[in-house]
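There are structures below to look over.
Shared between the two complexes below is chain A, which pairs with chain B and chain C, respectively.
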Partner chain A sequence: MKAGAVAFLVLPFLLTSLLDAQRSLALRVGRAWLGPDQKLERPVFLIDGGKIVDVAQRGKDGSSSPFASQAERVLDFGEAVATAGFLDLQNLTAPPGELHERVESLTPRLRAEDAYDPFLPSWKELWRRGVTSICLSPDDQNLAGGLAAFLKPGPTEWKAREEAFLKMSLTRSMLNRERRPTSLLGAVDYLREVFEGIGRTEPPAWDPLQRAMAPCLEGGRTVGIAASTRAEIRAALNLVKEFRLRAFLIGVEEGADEMEALRAAGIPVVLRAFAPSAPKRALELPARLAKAGIPVAFCGESTDRYGLSRLRTSMYFAIRNGLPPSKALAAVTSVPAEILKLKDRVGGLFKGRDADVCIWSRAPWDPRARLLAVLRDGTLLWKAPGKDATKVSTRTGAR
Partner chain B sequence: MRSNRLFVLPLLFHLGSAPSLLQGQDSREPVNIAVGIASPNELQNLLRDENVLFIKTSAFFDPTSAGKGSREPVWLAFRGRERVGVFSMDEVPPRGEGEEAKRMDFTKDAPGSWLTPGFCDALSAWFLDPASWKERGLDLSVKARERLQPWQKGWDELPLGSGITTVYVPPSFGADQAGPGALVKLDSGGDPEAGPGGALFLRLASPTRKATNLDRGKVAKTLASLLDAAKAYEKARRKWKKERKEYEKKRKAFLDWYRKNPLKPGDKEPSGATPAKKGKGRRSGRRMAKLTPELIEKILKRYPPQLRDRIRKQLEAQMKLQQARAAKAKAEAAPKDGKKTASAKDPKKKTAPKRPAFPKEPKRDPVKEALLEVLAGKRLLRVEVHRAEEIRAVLALAKERKIGKMVLVGASEAWKVAKEIRRAGVSVLLLPETVKQPGLELLPDHAAANAAALAREGVEFCFGSAGRESARLLPVLAAAAVARGADENAVLTALSRAAYESSGRDWKSGATGWVVWSEDPFAPTARVLGLFDGRKLRLLGGGR
Partner chain C sequence: MIHSKIPLVLSILLAPAFLHGQTSPLLLRGARVFTGEGPFREGLSILVDGGKIRAVGKDLPAPKGARILDLEGTWITPGLIDGNTSLGLPSPHENEESSEVTPQIKVSEGLDLGSADFRFALHGGVTTACVSPGGKNVFGGLDVLVKTAGGPEGARIFKDAVGLRITLGTMPGMGNLAFRGGRSDSMYFRRPTTRMGTIWEIRRAFYEAQKNRESFTGKEPDRATRVLLAALDHKIMVRMTARSDADLRTALRLAREFKLRLVLDEAVDAYYLCDVLAAAGFPVIAAPPSVPQAGDQATPHLDTIALLAKAGVKVALQTGQGLGAQALIREAAFAVRGGLPRTKALEAVTSVAAEVLGVEDRVGRLAKGLDADIVVWSAPPLRLGSRPLRIYIEGNLVHSEASGGGSGR
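So, the complex of A and B:
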């Protein structure tokens, strides 16, 4: 009975989404940031099968209208600005306590996907903040918490699209007196013991733990290591260097004091979205990292006490403290996509990429910008209420 | 200089030594400015005044003026904090002989520069001891000014980073009642200056505290009972003052009489001088009623029948004792045979007045006195309410009791009753929401959306951070309100004049100082180029 009710509620939505995704669409906006450094005035996107099939530019006087004859629908947003949908690299949206394991600290085989609930109301909150894709990730309470899942959350997505990265944590949250490790040095030693054990034995002799950790060695599987303090950052960088891990750091609150080491390592850094009361040093960190040539991303979209988007507020404060706007946009689009090796699919509005598009009234880092609509895989996912949102025309009425 | 340490090129110019940057005439087209001084003579007077500073920016905003400012380049003249004139480009001549006023042209380095009043955080936790943030049990007499810690560090980021030059600090956040807060100016370049604030605070509802419908219905009753108590207190004080005046009169007459008729040796001192001393017993200070057989019967009805006989005997004995005492007193007072009383000897003494007793003063209550100031319209009252029905009830009470100055704090559902708030003429102080209680209906992006709804209805509103560093979010919040359809001028007014006035002080031009921005103050790339507090123009190196 319950399943029937759920199917009754979800099926129309799914069918509409599928049908929408199948129909070709011409999307017109005033300006688009194809990538963080590439801007196009008066673009038209031809979207088909959930992908951006082609991108063209309209004439200044509106005389030329590319794709009008090819598209079954035309969405015209006037002078609005389009960017790629945001990618939240470490999202922890799950029921409390569902994204970590309490008994063991090394649980690399766990899959965050298993804690994914497509019907959480929080997903809609993410859409209306411009987040179209996430990595549902284990939290910081395990030394190796498990595999993060790349997915586009909501009722249309029932399982993860990709295995994203192995989440590790060297932060204090991981320490637990009732299990190993109980200190930072113990944690590093534990990891070293596992990695060295893999090297000493042949694959048939590996235990399940070693089998799960082995793909990380020699740059196989991407590893995300949460590290906050200077000691944790140094320990993480040592591990990365010693075992040649393909890694990125998460958190890095005291990164300003380890700039040289971070620059030398050259690995990306994923900063948690700023709290309103963050110290000035934290606000300046993205600019300092970017200046040092270190790729920076933001993660942890949620609603703050004012109801503002934390990713956008982080972009604003990072720019206010010296980060170029293009780098701020990259921090929520192309850099996370690059970290996940998904740059050919998400994080930009180039030909061949997924049609995950956010339409803004201004540049998204401007706090006066309003999100007008969100398209995901070519489907209109969310639309701002009010008359300024969109002007939709069908092929018959296409100009 | 402490406040400039974050900047690459920190400069501090005293107004007297500020360099004059403008040497030639600007070639832009002249514009008509609605505000300003029309008379060329007055302009000449300003140019000759060494206490006047001319600042040129590409746009300015001033909530004091009717037009709220200009989006065209203008010269603004300041004497102290006050803006004394606005002049279009062609009105101000090139620097000439005998000119004493200082000039500062920001449009050369920053073509999109803006000048706005300093922003004000209408509820800040700066300079309060963090241990006292959640302090409860305060009352309306506790003043913030006595609790401030001006030695705290880190506040200088606010004026330099976000243009917030003034903060209003309450005595506490946790208390349901708090006395006047303090307005602290941060733009002076030195230690913060605390000035008098003025608003009283009453929390009638809280979004973090669970409340039933019944509790919510009592919201207006709580305020009404406080006001009633204040009124009763006022009445008692007025009565006492009247009695005291009478006492003064009687005392004068008493003293005059004895000055004319001084006591002779052997005369008795005038009676009624001192009030009866209170004993230590349980019934001390209370006289037993004069017992009569009827009264005894009445008293006995209160007791069970089996005890009545015993009590009757005791009361009758008491009655006899009273009668005996009365008879004895009467006998003593009566003149004895053949002897005249003192008054009979001296006819003047018959008219001797009794010494008047000083009327008992009602205990002074600073809480009620503060509330009386609110009722008299001398002090502003901040009332925290959240739900629409609570707001309605408080507005109705304010109308009934004629509370002139009131600010609604929190007011999460103000968007539902914006029209009624506008009609009541009160403003709203919007705060971050901590916990959403069931039944509290918040809009998405609630604070910004609430602000936009209020702005559309013409209700004056302002923002408070209820924190310290988080005050830097206020301009972001204001900008988000613009995104939701609020007028930009209304939002800038909210950040400056409305926030300042919500502290209970009247706004005047330049009350929060002035901030020069490199561009539109809401743009994320905008930097604070200068802070002008009326005495000094601090030039900053762009902030990066």
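So, the complex of A and C:
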């Protein structure tokens, strides 16, 4: 029964992959945002081997049709708009309680990859919202919860890049009265003790904890620190400065009160999905951060449908409260890619990048926009049902 | 036409700078002034420039370009200093409870300088506060001295690690039997559970630190040991919270044994041993006199502070941590009700507090070279209806009744 169910889920993907991924594709749309600030009218993308091999522009009257002879298939989405697939920098999709170890608060050796279930129905829900890549991350309940995994979720992706970043948390949900630390003071002290301990000894003498934390020092491993309140934000920034961590902050709910400190630190900030009831001050935070020159990203974080849909809602609310649309698009594409040092693979539709493409009826920050199709690594991952999916033509031309 | 608008544009651009009083010297005159010592004096002027007090004296001439503020009918004191608070901490008893001995914990690491606590303290005339870790650990950690407003927030911390907090009595042992039904492997099943156990922890920590120094092998000792050694070497003060008669005597014994630079905290039962404390010569940051209860079976007396001062003990005041105290200036008024002379009461929250905390070269008095932390009161400050009209911290106007609260944070 179980094997049958697995086969039922896997086979369509395997077949699609085998049939589609091997064949080169020319993708036509009306307009594309290659990067958040770079728009191209009437583009054609030549996709082969899961990568964008080339990008060209069609003539206004349709006279020129680049790549028509090179590609084995042509997908024409008419006047639709293409953007890079969204990257959710902190995704917590796993069975409840699976993303933190309870006994200890410093567990930097754990890997979120090991809590990854490729067959969760939630992944399809993500695709339908334009999310093609995620960082499956330990949650906020440990001081150093473990390594987040960058992956493209769903049965077609089996490989994970285990070292996306080390997830740390200084929030109240990390405090536990039955283990160390029980306070923010103690949390900072614990981290300082570990980091200073690494500096005071030589690598052969390091214990496993020190060995796991050592790559964070001097910027060797990216660290994502969850910090919500003013005191937590300040404590996180002090640690980043003191130990020269390559870090970004997650949450930063009271960031509006710490703008000076955030500006001085200049490290990226990843904001959680907005609640519909969020106060004006919170809704204006992305615009204020961006104006201060701080890179801003959004994360979906929640596992429920309501939460997943809020990645795009975050863009919409932030734009309504002063964030330029290009920055909002960057917040779900290029900024997270840059944080993960994966800008050569994801976060844009440039030559040489992975062919992760979302095709929309309008610009994605327009609340009326509908997602028409999602391609990942050149494979059509999801397509809107009905005729809204526009014309799809297939040719079998010689390569 | 264009030229006629230049002064208007300039005045708009420079208005914020003038509001904070940083661009030109400021001369305050006409008020009755308490300099931190002695009674209020008439006819004194105070010259402020660059965040510092440049001169205090009679008939001071106004330098060129100085703004002159005529404050006739008001009373001026130095900014008040609160000897012990939990301002900006998430709880009044903030401790890292995974260990009883956490001398290395710096309370400044978890401080929320944007907290409304500081604003409330400021509006009561407090410009400097000592924030200290809670009393649930034997060694709680290191205190920090902060200004309650003004300047960028990082700059408000003007002396970190000012003292090491040690708590005697029953408080550190209170939760250690996991009496609410915790797990048998809970960290709350731990030492100490008695007064004796608490003192044993103190002795053990100091002995271990001394031993580490003696067996020093060239490697720097860990942070906890470094703090303990600094306390043993008189580099930082040791603030020992002792409420009952027995705990106060224990504190004196420990101070003699380890030759500590001791400051007694709360000292509720000091009423019974004023002469002993005077002979020992250690200062006291007394518990707020308006609070009628105290832990450790100590018995508060309204006249304790007056008796201590009379016996020659240096006494500062505090609003304390979660004690339900009133504003610091009101606590000083309660001490007056208990028999303390008014001048001594004001000294207890200004110059004496600064001396006890070891920052008399920065704050606590109105004297040349010290920070321009100044409070202008509507009436004699110890009078019930008195309120701050203007408050300056390092020369910046941070509260002004006329502008409806001033620039707050």
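By our rule, the second predicted complex is superposed on the first by the 370 of 399 C-alpha atoms of A that agree within 3 Å, B and C clash if a C-alpha of one lies under 4 Å from a C-alpha of the other, contacts with A are read in each partner's own complex, and residues count from 1 in each chain.
As a working rule, contacts are C-beta pairs under 8 Å (C-beta built on N, C-alpha and C of every residue); 3 or more make two chains touch, one makes a residue touch a chain.
Computed from a prediction, not measured in an experiment: that's the story for all the values here.
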If chain A is used to align the two complexes, do chain B and chain C fit next to each other or clash? fit
Contacts of A:V188 with chain B and chain C, given as first, second, both or neither: second
Just chain B (first), just chain C (second), both, or neither: which does A:R179 touch? second
Per the contact definition in the header, classify A:A115: touching chain B only (first), chain C only (second), both, or neither. neither
Which partner chains sit in contact with A:E196 here, chain B, chain C, both or neither? Use first/second/both/neither. second
Could you tell me if A:A278 is touching chain B, chain C, both of them or neither one (first, second, both, neither)? first
Between the C-alpha centres of chain B and chain C, what angle is opened at the C-alpha centre of chain A, expressed to the nearest 10°? 80
With the superposition applied, I'd like the minimum CA-CA separation between chain B and chain C in Å. 17
Chain B and chain C footprints on chain A meet at residues none
Going by the contact rule at the top, pick out the chain B residues touching chain A in the complex. 6, 154, 157, 161, 432-434, 442-449, 465, 467-470, 472-473, 475-477, 479-480, 482-485, 522-526, 544
In the complex, chain C touches chain A at residues 88, 90, 94-99, 102, 104-107, 109-115, 133, 141, 152-154, 182-183, 186-187, 219-220, 222-223
Could you please specify the touching residues of chain A with respect to chain B in the complex? 128, 276-280, 304-308, 313, 315-317, 319-320, 322, 325, 361, 365-370, 386
So in the complex, which bits of chain A are touching chain C? 177-186, 188-189, 192-193, 196, 200, 229-231, 234-235, 238, 254, 257-258, 260-261
